[in-house]
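What follows is one structure encoded as structure tokens, with my remarks underneath.
By letter and in written order, the chains are A, B, C, D, E and F; residue numbering begins at 1 in each of them.
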């Protein structure tokens, strides 16, 4: 198993054992900035190397998936899980959107196995962040919108994760492989180490969700474990259908199967204040994130390989 | 264009678009510590390699320039710009002093072009920080000094930027190229990456100056754009006259043409409290810094090349 | 001399000269996390490479030394130094326990000289942190225990330094040399640079102890300088007796001769509140730490070499 | 004498303190200006209340502590606005006390 | 009308402020809950007092500032507990004032 | 009984709160000691006032919040000093209230 995942386990254990280990918020911010910029830069450099053609239909397909996912998830949460409308909509928004940290672990997984992936994946990461949040808010509001959309969309689009991802993409694309060379020691060589530290903190945060988990009962756990695989399978099928490589298909599956814990919580808290914020966050961070990095990603890779006619 | 400059643009755009992207103050401090130490260490190692002779006359020339610059700038700000005496003196102090970030971008510019520079430049950076501040305070006080100079000079000389620059210089010089080898991965290899992150934050800060800029009207913009080139030209002539190489001449021009935004604001705020601190800071950070890194440095390099008989 | 030590001197001078140079607490936390994880990972990788046999007797010997040391120190502090019982016990706990930063400088010292050390040393570092603290508390309480040991031991064992050291050890051991390769750029290549920054901050902290030092008079200085060498000699003898290499013997001497300034102060402050916390901290940070990195480590290396029949 | 009198802050204003979720910072700042506050001061905090523990460790999970020195009138408007807009759905407490200020004209 | 009346916080509680060593945070939080406080708010601080300068620069050497809004009864218990458990051996000050709260039922 | 009486902080002091520019921290701390304050507590803050927005993002552009518990006499000296030295040229507000303290002898 990739050692970065052990760092998550270390954080989780330390948190559950009530260690006083804490990561200062400033360090968390630095690490997440580095991850976002690295993912963006990597994608941009790849785009510069192999200029893409016919990206438009792929973008349409990916966006369509982003809008579709929350519609599939909302009924499960609302009628099966018997959550209030606002809570179900919030959960649908979180799970329809994507997790950058899970994506980063997916990238590390592929790199370890020397599996390359299509250069537009970081772009898809950006595309998938927003639609589910919009749909989730509409579902919560039953279409009645007393939401100030202008302000909200501004907040989402100029939220720091999208700014850094898109900024990294553009800089990588403008600078190209040669221009980025001098930035590689910080952004590329340290990538795995930075990811390890970030996962340590994610483990600590996941541990802090444990108490809520015990209180909110079984549904959240089941939802958090059972929902990712079918969602990721859908993502894999889409990826395969639009012609991505095995690596790209895996990462699109990872995106579909992951749940947001940065952009979605912030936006939903403002736009759907009556939703209990800990429900969605606990499922996303406390259940689905660990599930994905320990079990999900290898599964999604197998599914992608099978779709491409390999054995896994 | 050097990709690190795109990071400044990214920060500027994010800031102007009111993104929630922020860099924690602790990260800003870490990045600036790394830059200062790196510049110092690099200079120290070079000094250790090629022991300097006849540095004394150069030092005198550079210091003289540092004392002269604010006397040239004050009349422009006071009579042309019609600024109050305190504000004009503050502006003269800021522009007479130097900007470490601009110097770092200048170093990166030269390294990219394989142009070497004289090892004493980091030393000149230190020398040029102080004189203009002292002159600025004297100008504001009309010579009448109710300033507690002892305390003030102590604050400037033991300010963190000078301590780290001089400390780095000394350590680099004492340790020499071999001793510093084990420090290179952090201080030298990551230099451009660290500079990129730092410029991202500088862009965010520059954006926050934009509103003041609109209010304070045209003079600040004109001052901030028109003043650096003649100042830098003076710097280049001095550099050429004291026998620096093309790279060294360029960097002395960069120093002369840049404006302080750390040491000067802090000292002037205490010693000349009646000066409006946002005026000088806005001109320095919001106008001159972007001008220098986008347009100024290449111009100064051309000037230096021409002085040395090259074509630019 | 190793240039990292100059960084300590730089911090010390800056602090004594009342420079405004500060390291944000978040950066200090990041640096210490990196150091602890690096030391752990290095040890774990070594353990994975050369699986150890017969470690049990070594562990017993090292633990025994850890329990013994404070019993030797307490009488000196109580009767010679005429400190109150609580203060003497606190000092015994600090000096019986160990300093990670001193250990890191010791490691850097050996690496510079191409002297290898036994892979279990990081494990001994962990083992030696706790016993002296427990003994110190018992000495302060005269055995009467109104201390809630469960809570206290939990706090010590799950304190962040032990969690990160043990976590690093386990991850390094599980992942092995190949698994850890992708983490090397952050954790191994940057080690000396990170240590340099950390020592800069240690210098600043040591300087802040200077005033207390002047007040508390001669005993603390004498204790802080005279006690480490005999303690370290004891450590070296133990290391030699249990069959460690010259490098391992040196590091066990370093551990014995160093004084804790993280785990011990926190635990003692809670368990022995009537002890004056600045006494022990001043001796440990203000006297012994500088003594060890400037003079102690080379001495301990000489002692270790002599024990192994070398000339030093 | 005149100086001494000047130095005794003898004009009374309300000090309204709001402790709430970090995520509301921007919204509340805008609202405060519209409600007529001449200024405000914010610092980061953590804490515990009816909605559980809130700690700044994790990005948006911390609290902020907002202080506003203002007139009775503005204080009333602020507490009313907070009550109607945020009190039901967000972790929030508000309390108020009297303070003497040095330059009353600085505070609405 | 009713709304206006509601918006004037007219029920009085005590605001207890404790400034003490960072190292006590966990202990005090536990104690506050046992003593019946419905909540508390903490922020980091530095300062100077009878035990010298305390600055957050160095890990455990900083201060925290704890605020508790509570009833007279609970306030009395808190100050008593602090006095007997910590006042002699730790850097600590406590002060107390009256505040009007918006929703009295939220505070024990 | 005696204990209970002890635990009720019944001696009154002034709590002076100063919110101002970070850059003044050292100067003000020195002044406070000279003016007779037995201690002070500082925390970082951001805010808005007549001199615009002040945010800690950018190095020296933040605010600090200084609290001093002291006697009437010292409070008067502090506000006077601040008014004459800083009020005109720096972003600064000062307010004052009454607090009950646990150990009056600790405060000048």
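Definition applied: a contact is a pair of C-beta atoms (placed from the backbone, for glycine too) under 8 Å apart; a residue touches a chain by one contact, two chains touch by 3 or more.
This one's a predicted model, so the numbers in the text were calculated from it and none came from an experiment.
Asks: Between subunit B and subunit E, which partner chains are common?
Replies: Output, common partners of subunit B and subunit E: C, F.
Asks: Look at both sides of the subunit D and subunit E contact and report whether the same residue positions are involved, with over half shared, or different ones.
Replies: Different; most numbers are used by only one of subunit D and subunit E.
Asks: Can you tell me which chain lies farthest from subunit C, using the average of the Cα atoms as each chain's centre?
Replies: Farthest by centroid: D.
Asks: List the centre-to-centre spacing of subunit D and subunit F in whole Å, with centres computed as mean CA coordinates.
Replies: Centres of subunit D and subunit F (C-alpha means) sit 18 Å apart.
Asks: Just the number, please: Cα centre separation of subunit B and subunit C in whole Å.
Replies: Measuring from centre to centre gives 41 Å for this pair.
Asks: Two or more other chains touching the same residue: where does that happen in subunit E?
Replies: Residues 43-44, 97.
Asks: Quick check on subunit B: which residues sit in contact with 2+ other chains?
Replies: 22-27, 29-30, 185
Asks: Please list, in label order, each pair of chains that touches.
Replies: A-B, A-C, A-D, B-C, B-F, C-E, D-E, D-F, E-F
Asks: Could you list, by residue number, the parts of subunit B that touch subunit A in their complex?
Replies: So the residues of subunit B touching subunit A come out as 2-4, 6-7, 10, 14, 17-27, 30, 108, 112, 185, 189-190, 192-194, 196-197.
Asks: Taking the touch rule as given, give the residues of subunit B at its contact with subunit F in the complex, in rising order.
Replies: Listed in rising order, the residues of subunit B that touch subunit F are 22-23, 25, 28-29, 204-205, 208, 262, 265-266, 269-270, 273-274, 278.
Asks: Please name which positions on subunit D make contact with subunit A in the complex.
Replies: It comes out as residues 21, 23, 27, 52, 55-60, 62, 86, 88-90.
Asks: Going by the contact rule at the top, pick out the subunit E residues touching subunit D in the complex.
Replies: Listed in rising order, the residues are 3-4, 6-9, 13, 15, 29, 33, 38-44, 69, 97-103, 106-107.
Asks: So in the complex, which bits of subunit D are touching subunit E?
Replies: Those in contact with subunit E are residues 17, 19, 43-50, 63, 65, 76, 79-80, 82-83, 87, 93-97.
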